[in-house]
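Given below, in the form of structure tokens, are the structures.
What follows is a pair of complexes built around chain A, which joins chain B in one and chain C in the other.
== the complex of A and B ==
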């Protein structure tokens, strides 16, 4: 399948290339959220902030300082991870609900920062990046990031660190008592998760060539990340992949038919997942297969 | 000049406080973060709007109606949907209320379109002058109503049997059960109550601000700010938090610039979470 993915762009048309690159992007975004939420149980309602920081960071560095793409993207992603840790320090000491909404506030504040400092960021007029139309490059960039992300998620699943995170998710107080430094672990997971979101943001910025604060920091992006991660199955390796592919495809179909009402359907999907499939689609498969 | 700004801040802060108190109550008793809270505000505002538009009912008079309607809605919503995950990990209630809010908000958007609407009866723009202050009638009236609603809720919780049962359930569910209180009923009533107060707030808001289905976004953040600063689950704290937010917003908009307001709010929130997560009075639940 990986070989297929590697070879595919050489033969397919523009629409499909773009569509699959999009799917990779969303797998990456859902996956980055999954690193945090799936394994520690802390839901981040403002995760789009890191996507936005990655995007705008890359944009500003390339446009204002003339930096080439890769360093700009990496610096922005590291910045995103770093900010995550800073914001995480006070907010992760409290219960998950505080963290969730504090992050929403953070995302809004970041959007405001971009709008306010419009000398640098172009503010409400948007930011234009240097044009680069080799779409196959973006395909591979997203694919590469996703592979790296999957590798990291695999690492989370099987390492002592990852098991520590899962302990935090299931019973935080007990985890702390057994000697796991919960704050430290949570912050690391958060930082890594933000880093990946930042990378994807950077690639996205270069790919789209134009950034607009309302879109780049939109809460809708966070919503989709959350839904994809949970629909597929949070805290699993395949979850974000299945969830992202499934939802992106459904949205592509529905969006043409029911432009506005599809969000209602999405809302129902969320309610359905919470009430009936808390472990997501992956959980459903596991139940069926293990039950035999 | 600065006193006028402060006054504006106080007047609006009172309304903000009434927006947040339902959120605080629900969290204090059910221990869930209710994202649908924003939708209750929106629905309360729209109820007032439609009653005004179609029947010409004065907005203030529509309050009892919006209040009762949303009490029933909240009660049923909790009893039959939210109650299913009441014992599950917190993240589930976050997700569920999130999904519900998506459904409700987008149903409203589909039904009523996204246009901004305003409720403006004849006395809308009028104001009177005292000393060197200019006080708009509507702001003052909505402020008074908000105070009455807050005081009413507080007294209800302190003095009535149901109120005490609610407080008991929030403090010790099993103990309350032993005393003959049915938690599931209490949860439903509390949620309904929270919804009702929020509906009142929404109706009040509709008189000063535009009404449209997506209006919830800011108010949810404001509500969160208020309950963190005031102390989650503590009603007098909510009043203090609301006033602080109102004054902060008023000062920031007038002296620094509207854009910085969000950043300022976030910074204050951040600092409060580090320094005093239980809120000003230290009575918040953490």
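== the complex of A and C ==
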């Protein structure tokens, strides 16, 4: 699989390269949300904020300070992680819908910040980045990030830290009285999760070469991350990968066939899958294996 | 030595002393503040006034996870298992976080405790898949895995059959024999009267009586609180 992923872009057309790079991007975003939401149970309706911070951070550092791509992206991703921890200190004391709403507001606030400081960010006119057309580079950058993310998720599955997060998800009060510093664990998970969203945002910015606040901080990006993670199976290693690949592929096929109605069909498929598979596509495979 | 190792607990005007190695029972009508007292001791609520001391050290405003790590574990009246995790992982949380063990030694400890409470055979089932009685055992196992000095048990026998209560009592005697002090809330009188070395009675948030099980059964204040004035 990895070898196939490594050599694939050499032999495929521009369309397929772009398509697969997008799938990696969505696997990365759904996976970053999964690190937080899947393991701690905190549903983040503003996760796009960290994608946006990664994007705009990279853009501003490259355009205004003439920084090369890699350091600009890394600094922005660290900033996204750091901001998540700062925002998390008050909001992670909230549970359930309250945390989700607070984060939704945070993402909107970040969009307004970008619009307001138009001297630096370009505001409503958007921000143009240096153009770089080596699309194989973006393919490998996204793939590399996804592999790093899979490694991190695997670590969550099998480590003391990850088990602690799951305990928080299952029964937070019991986790706390069993010796887990729940606030600290949640904040670290949030920071790691936002860091990955920031990396993806940075790569996306350089790839697209143009950023616009309304698109980069769109709540629809958050929704897609959530749908993909839950469609595949939140709190599992493979869930976001399967969910993102599945949804992106379905959309691409339907979009080619039904240009105007494809979103309606996609909507029905999502509702259908969620209704019959409450534990996601991964849950279906698990049941099959257990049934044998 | 026993005296020096004592633990003083004060909540408003409730004073409780739990001595090392004893089994202290707490009874009282519904809403008399028993669970609240546990929540204050374990750091979930901060007391309005007063102080909680453990081994001579004030622990009044410590967070629940710190109190657990210091050696005070608890169970919940309404069991709170980590539902989608298996029993081994549930107990592993106790040994890893409550006692600071790395995952490998934590696992050994968890298996030992699961064996002790009789759940070793089921350790790969998730907590959602086992019976209520097993979940109560699990609750106890998770607390024991933190290797506590004191364990606070909030009605762990509620809803059990007489045979299961016998089992539970044996288990608690064994826990106590291993040097763990027990402070338990229990509504099942036969059980709490049998096992406790001392009993305190709460009513309307106040301690109305304290003494041996026999004294409590004959105390007019206690009878009044439970049965009303006419029975005194």
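What we mean here is this: the second predicted complex is superposed on the first by the 271 of 292 C-alpha atoms of A that agree within 3 Å, B and C clash if a C-alpha of one lies under 4 Å from a C-alpha of the other, contacts with A are read in each partner's own complex, and residues count from 1 in each chain.
Operating definition for what follows: a contact is a pair of C-beta atoms (placed from the backbone, for glycine too) under 8 Å apart; a residue touches a chain by one contact, two chains touch by 3 or more.
The shown structure was predicted, so the numbers you read here are calculated from the model rather than taken from an experiment.
**Q** Go through the superposed model and pick first if A:220 touches only chain B, second if only chain C, both, or neither.
**A** A:220: touches no partner chain.
**Q** Could you look at A:180 and tell me whether it touches chain B, chain C, both or neither (first, second, both, neither)?
**A** second
**Q** Comparing chain B against chain C, which has contacts with more of the residues in chain A?
**A** It is B that touches the greater number of chain A residues.
**Q** Have a look at where A:41 lands relative to chain B and chain C in the superposition and call it first, second, both or neither.
**A** A:41 sits against chain B, while chain C stays out of touch.
**Q** When the two structures are overlaid on chain A, which partner does A:284 contact: first (chain B), second (chain C), both, or neither?
**A** A:284: touches no partner chain.
**Q** Quick check for you: in the superposed arrangement, does A:267 touch first (chain B), second (chain C), both or neither?
**A** So A:267 only meets chain B here.
**Q** If you look only at chain C, which of its residues touch chain A in the complex?
**A** Going by the criterion above, the answer is residues 42-44, 63-65, 67-69, 73-74, 76, 80-85, 89-90, 92-94, 96-100, 102-103, 106, 127, 142-143, 146.
**Q** Give every residue of chain A touching chain B within the complex, in rising order.
**A** Its residues touching chain B are 37, 41-43, 45, 87, 89-91, 93-98, 100-102, 104-106, 108-109, 111-113, 115-116, 219, 223, 226, 230, 260-261, 263-264, 266-271, 273-275, 278.
**Q** Across the complex, what residues on chain A touch chain C?
**A** 159-160, 163-164, 166-167, 170-171, 173-182, 235
**Q** Under the stated contact criterion, what part of chain B meets chain A in this complex?
**A** For this pair, the touching residues of chain B are 27, 32-33, 81, 84-85, 88-92, 94-96, 98-104, 106-107, 109-110, 217, 220-221, 224-225, 228, 259-263, 265-267, 269-270, 273-274, 277, 286.
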